[in-house]
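Two complexes come next, and they have one chain in common, subunit A, joined by subunit B in the first and subunit C in the second.
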Partner chain A sequence: MDVSTEKIFTQFKEHSVAEFFKKNRQMLGFSGKVRSLTTIIHEYVTNSLDACEEGGIFPEITVEVKEIEEDKYWVRSSDNGPGIPQKHIGKALGMMLAGTKFHRYVQQRGQQGIGASGSTMFAQITTGKPIKFDSYYDKKRVHGELSVDFQKNEPLMRNAVVEETDGSRHGLIVEGEFAEVKYDRSSFSVYEYIKRTALVNPHAAITLIEPTGEKITFPRSVDMLPPKPREIRPHPLGITTNDLMEFIRSDKESRKIGSSLQNIFSRMSAGKVAELAALCPGVDFERAPKDLQWADAEKIVKAIHSGKDKISWIAPETDAIVPIGKDQVEKSMRSILAPEFMAITERKPKIYKGGVPFVVEAALAWGGNCGRPVADGHNSDIMRFANRAPLLFDAGGCAITEAIKSVEWKRYGIRDFENEKITVLVNLSSVHVPYTGAGKQAVATEEEVVDEVKMAVMEAARDLQRYLHGMTRERVRVERKKAIMRYLKQLSADLAELAGGKAKAADLEKKLLHLIETKYAGKIEEDESGDANIEEEISAEEEKVDE
Partner chain B sequence: MDVSTEKIFTQFKEHSVAEFFKKNRQMLGFSGKVRSLTTIIHEYVTNSLDACEEGGIFPEITVEVKEIEEDKYWVRSSDNGPGIPQKHIGKALGMMLAGTKFHRYVQQRGQQGIGASGSTMFAQITTGKPIKFDSYYDKKRVHGELSVDFQKNEPLMRNAVVEETDGSRHGLIVEGEFAEVKYDRSSFSVYEYIKRTALVNPHAAITLIEPTGEKITFPRSVDMLPPKPREIRPHPLGITTNDLMEFIRSDKESRKIGSSLQNIFSRMSAGKVAELAALCPGVDFERAPKDLQWADAEKIVKAIHSGKDKISWIAPETDAIVPIGKDQVEKSMRSILAPEFMAITERKPKIYKGGVPFVVEAALAWGGNCGRPVADGHNSDIMRFANRAPLLFDAGGCAITEAIKSVEWKRYGIRDFENEKITVLVNLSSVHVPYTGAGKQAVATEEEVVDEVKMAVMEAARDLQRYLHGMTRERVRVERKKAIMRYLKQLSADLAELAGGKAKAADLEKKLLHLIETKYAGKIEEDESGDANIEEEISAEEEKVDE
Partner chain C sequence: MAEKAEKKLEDFGRDMISEIDKDLSPTFKTLARTKSNVIFDESMGYIRLGNKVEERTFVNVGQARKFMQTIAIANKCKKFLRENSHTSIRGLYYQLKFSLGETLDEDLFSEQSESNPLIEDLEVALSLKREDLNLNTDRKGVVAGPLVLRDRFGGSEDIIDCTKQGRSGWMIPSDVDNGMDFKSVDADYVLVVEKDAMWQRLNEDKFWKKENCILITPKGQSSRGCRRLIRKLADRKLPVYCFTDCDAWGWYIYWAIKTGSINLAYLANDIAIPEAKFIGVTMQDIKDYDFLGKLTINAKEVDIKRAEEMLGYEWISRSKGWVNELKTVLKTKKKIEQDALQGPRLSFVGEYLKEKISKKKFLV
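Right, the complex of A and B next:
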């Protein structure tokens, strides 16, 4: 060994999370000029939508982008949400891992408490400038400038001014200058991001003012706010021992482990606690929550999972999760894709580990403007969403992409999925989406999630398959009829001639046609069918997934 | 609005980075049973290799995995590195974003200060147990138990004992129990991880003891330590304004901006500073470093980039980066793949943004045991490495994968890359690898990195193409000769007969053969060639990438 440990460890240092993400900004989605700009807008728009939802407000959001010089843009995002109070605005926009979202068990687009602070950081490190904020809330307005103190991960506020207002206005405006970014209309752009956001948030009015000055408005197309997501208690199924330990040990309200279980979990009645106790001999449910030991917690978790024959659980609360809804997805997709055929699946909530419920919606659109036009035809298009926020990047490692690609499309009449005029939309709604990274652009390939997405897409694909099969059948029917009609014309003429003018050809034709239509039409259709076989195959595949 | 902002913001909270990663453990690579176990081993092994490198020691690492019950394993990792002193061991293994690696400009496998603490966290949240450590350093030994206080992101040490030793032993042993993990030998497994680590670290001896008790040893195959990576100063090219501001403003040693530039950057002589000053009228290089303003820094950065005709820079220091080396790659790959053909490219260091130098090594092996056997033949195999650590996961979003897939393989005689018996190895060495996530399994698709990997692979592919082309040519030559020989035999016999016994058929044959070989052989080979055209195409493609 040629170096002393002392020398090696003179360099030992601690770092703030802000320094970490400054050095690893690509982890927040700040890599590439186009992507970086989309990431900035993404953070502001998702925050605005979340804030409006929280406040029960129809969102009106305006995003404006202006080019200052090459690769340097000015961005302004404004909403009509509840605004952010003076006391919190510094931390909300200038401190990482702070906010109202991280720890709550409720469906939101943001969930990490990094987003908007990441954009502030990016303004600083690319232009050296703070961002400007202007917040209207209650009967107040606060505006000023904000940056991040990277060493401490703390907000630095400058020139802040608080004013009284008449309370008629509420909302938040953020603006900043960002370099190393670029505006275009590619499939990873701000334009595409906002278009897709509008697609799955028809209750919001979103306006984009492009650097060219062009103003694009995606108007509100429904007059009903989506039901407000409720904060829920976790479901016992799928909970880990560690979760249980943390929940129960930090429960200051309950006096006993038994009552703490009821207090903490959803679907946990006194009866269920008794059933659990019976399955956990040796575990004292009368002890104080703070005294719960790992070994006992482990036994309880095992008992929770001991199977339907021993203990059965009511499915997780569904009203805590707010999917887009079948009608709204259909309306939105029809308007932008004008497909020949559409199928939409809405599935029941499922749980993935940690007792986290989630709902998958899948829509399949075919023909019309579906897919993605390329030089030599059309590619298929996958539109991924999580809690109604578009996922534009990192498609490769995403559970949604993986699930869709694993479908055996040939079984559903799609010979070459990649090159089909088809658009698949999947929206995953959950109180905690398992993102692969802090950039929130891909869903981790948790088995339960992949399986559920696959099932939802297969369900929609089955409808498409019927439609495509019907089309084939219809084509065959039409062709057969044509052939018969040709024969019929000749036969009628011949018969008329044979009858020596006693019957008119036209009358004969009419009678023969009637005969054929009433007596043989059914048979012609039946023998073309093969549905039964195909449906059997599909069921077999679905059973495989279910296992 | 139906909720007051006050109510909304009652939930405003701050969180520690440990809580963040506990909730988002998938971001550290803890998703899926097999992957989670690989991640644990990955963190320990990369730390061991880094530590040995730092100490100038031939690494001897032993990893042992035992099954405790289903999905629950005991893991022990030991090395002969310098050990970690008592003062630092808590933070090194039980605090996120702490360590010797994060801030230093030197090539290391680890670079984030999260790794081993992530494994400690994972032990806690899956089994509720701390990890055990046993560190031998200098003339001391410290052992005990360690966990993470998630709320504070601080280490919790228990039962720590410090003893004096005779100093003959040094190294670190870490062991722990982990649940929600699984051992197998799949392509994402601990086994594969260690095999690949051994492949690119032939100076290390690594032993894996599997749960079955089987002991697999990858012995040290070279007797030379890789050159020790030097800590370097950043190169001015590619530096951002923010980097410059931070570097200069925190320079306590220099009295002027001009001398600070020399102090901070590599390749920055007094002459270069004068050249820069001439390109930045209005910027006062005599001012104190702490007074550098953003606008001036921006001008300096622009001047740095003003092009070769105005200011030219010496390429970045190369000895700070330690690639594997052509010979060692070849030796390793030959021993495990026994390929029919191999080509290896070693390219000069390049820089990506922030003045970060990097070196790409690419190796292409064909035939033999290359590729990945599948049910109906062989798939191609891509082996990705960063600073000699294998990247097993997240292949989809990785710059290396993207670059390799973007090569037009047909041009190089590979008709269907996906289904070829081919293995492509790429190792990216850098003082700062731009990973896409904290799990360090994919390289962000920075343009410079993607282009450079593509160039390196194309260079190797060109050699392969020549070989494959030569094979084709050789086959054609052999067939032609066969055809001529058939004709020759007949002709000789006929001539002999015509000559009425004056000449023997065998003699005639010999003479004719000699005639053909000396006079026509060259022509036969020449007219089969098409090399010139293909090489032109390749050059054209390479120029495109260079632009």
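Right, the complex of A and C next:
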């Protein structure tokens, strides 16, 4: 050994969370020029939407992007939300894992409190500049500059100015300069992100001002705020040992582990605690919560999952989940995609991992501006959302993508799903979305989630199939009409000549035309010989699919 | 006849126009010519179409083109009748093979196989033969004997005396009904011989003169015109005797003359001759005439197959004599040609025929 162990360990320093993420920024979605810019804006817009909803305000959000030089952009995001008070603004925008959300068991877009601080950090490490904030709240305005102290994971605020206002204005404006980013309109772009956000947030008005100066507005299409999600306590079946440790240690109210369990969890009665205690003979439920050791927590979690014959749990409450809603999805999809046909499924809440409730909504839109235009036609488009936040990246490893790809589209009249003018929208709502990483761009392939997404999409696909079937029917009808009309002129001429009477070919032609049009105007009479095969003809056409 | 056919065609068109005036799709009815609608009529003794009616209609995607084509044929035939000109079904096809219009990439007819069945449709629907519509078929078959016909054709009238046709006889035309009638028939019977060579042999011997019969050869399977002529002669109460090879093919020729055939079931009443009787050659003849035993030849696979097929026909399987004949063929796998009867001497055929007819040795 050339270097002493001692020496190696002098270089070993304790890293703060911020330091860790500075070195692993790709985990937060800051990888690639286009993606990084989208992530920055995603964090701001998500925060704005959540803040407005909490404040009971119809969100009006404006995002502006300007190019400073190549790969270097200025971004400004503003909302009409409740604003952030001076004493919280540092934590909100300059400290990792410090949001109001992390320990709350409630459905929200941002979930882990990394968000906007990550953007602050990104500005710092790519341009060396802090971000600027301007917050209007409670007859006050505070504005200044903010950066992150990476060593301490603490916000660094500079030049903060507090002013009194008349209270007529509220909201938050954040702006900053970012390098190693790029603006375009690709499928991972800010534009696509904003469009999709608008799609699932029809109560919000979102404006994007692109570097070219083009101003794109997605107006509000519904006059109703989504109901506020209710905070619920977690269900015991949904947690890991680590969760249990964190929950119990942050419980400052309870004096014993037993009562803390009751306090933290839903469906945890004194009786259930006693049952658990019986299943964990070595664990003292009378001790203080702060004294809970990992090994004991492990035993408790194991006991919780020990099976129905030993301990059975009442299913978690599910009414805390607020999906977008059928009408809302329909209105916004119509206004943004103008589809020829759309089908929406809204499913009942389900549970994954035994304890985490979730709701899946799926919509299929076909024709119009659906799909994604490519050089030689259209590709299908999968729009993934979690708690109304678009998931643009990491599609490959996502439960939603996997579920949609596993649908046998041919069975629903979609011959070539990849190249169809179709948009599939799936929104997963849950108090705890199982993201695959801190970048929050893909849903983990939990079996229950994959199955549920698949069921929802298939349900919508059945409606689409009926529509396409009807279209095939209509097409067959028109084709038949045309097929007969081809022979009209010749027949009329021959018939008039054959009869040799007063009847004129032109008159016969007119009368026959009327006959044909009447017959093929509406529903085809199925009982007629020759035409009776229409269903066969249609199914034959639809079966070509399987060839 | 031509006027009658023309009138029928016009009425055919007028009926359809009145349907159109009533807001109905133009239609016409015809008998189904499917195999399932072909029956053997025991009381009449021939194969005819059953009573299954099929309706053809225009406003139906499966039928529109055929319907239009049928009317085009009808109209074209009306013109032929009016102009008093004839053509073959191929000629008709060429007359109707034209584009339906500049914007339509489609011909009225694209193949003759399309027009042929529609002609039959029309024949059945109108109860007319194609010959009545001035459509000729190929001529086949020759006649000689005491028969005189009047033939009005191409603007002139000719008297045809079948005793004065020399070595080649009178070739039977496709149509023996329209513009054609018998001036005199002074024969005692009609003899139909399968092969032209045999006919020539008998003609040289003036067999028809000696026997006062009408000597006909269909030259194999008989044509429509040939069968129609035999039918008309049978209508004059002349007995009809058939003389063919002693093999399944020869017998089939006889049965087609007698009962009509499945393909022409729709014409049965006009062409079947249930009165026809079979002279030979028979398997029994091989026993009765010693020399024939040495002149048999081996039956071919087609002969065997045909014999098996014939045993399956209900109108043949009921005849004990015929079943025996066919079974003998299947057993011995032998056959014998009518030409073999010239074995002892060329004129022996005549002696054989005279003996069989006078002794009424027919196979029934």
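By definition in this document, the second predicted complex is superposed on the first by the 374 of 547 C-alpha atoms of A that agree within 3 Å, B and C clash if a C-alpha of one lies under 4 Å from a C-alpha of the other, contacts with A are read in each partner's own complex, and residues count from 1 in each chain.
We adopt the following convention: contacts are C-beta pairs under 8 Å (C-beta built on N, C-alpha and C of every residue); 3 or more make two chains touch, one makes a residue touch a chain.
Because the structure is predicted, anything quoted here is derived from the model rather than measured.
In the superposed model, A:L498 lies in contact with subunit C only, and not with subunit B.
Comparing subunit B with subunit C, the partner in contact with more residues of subunit A is B. Contacts of A:L512 after superposition on the shared chain: subunit C is touched, whereas subunit B is not. Of the two partner chains placed around the shared chain by superposition, subunit C is the only one that A:R486 touches, whereas subunit B remains out of contact. Using the contact criterion defined above for the overlaid structures, shared-chain residue A:A375 touches neither subunit B nor subunit C, since it reaches no partner. In the superposed pair of complexes, A:H88 makes contact with subunit B only, with no contact to subunit C.
Across the complex, subunit C meets subunit A through its residues 9-10, 12-14, 16-17, 20-21, 23-26, 58-65, 67-68, 71-72, 74-75, 78, 100-101, 104, 106, 108. Taken together, the subunit A residues at the contact with subunit C in this complex read 480, 483-484, 486-487, 489-491, 494-501, 503, 508, 511-512, 514-516, 518-519, 528-531, 533.
Residues of subunit B that touch subunit A in their complex: 1-6, 8-9, 11-17, 19-20, 23-24, 26-27, 31-32, 51, 54-57, 82-85, 87-88, 91-92, 95, 97-100, 102-104, 112-113, 124-129, 137-138, 170, 180, 240-242, 245, 294, 297-298, 394-397, 432, 434-438, 442, 444-447.
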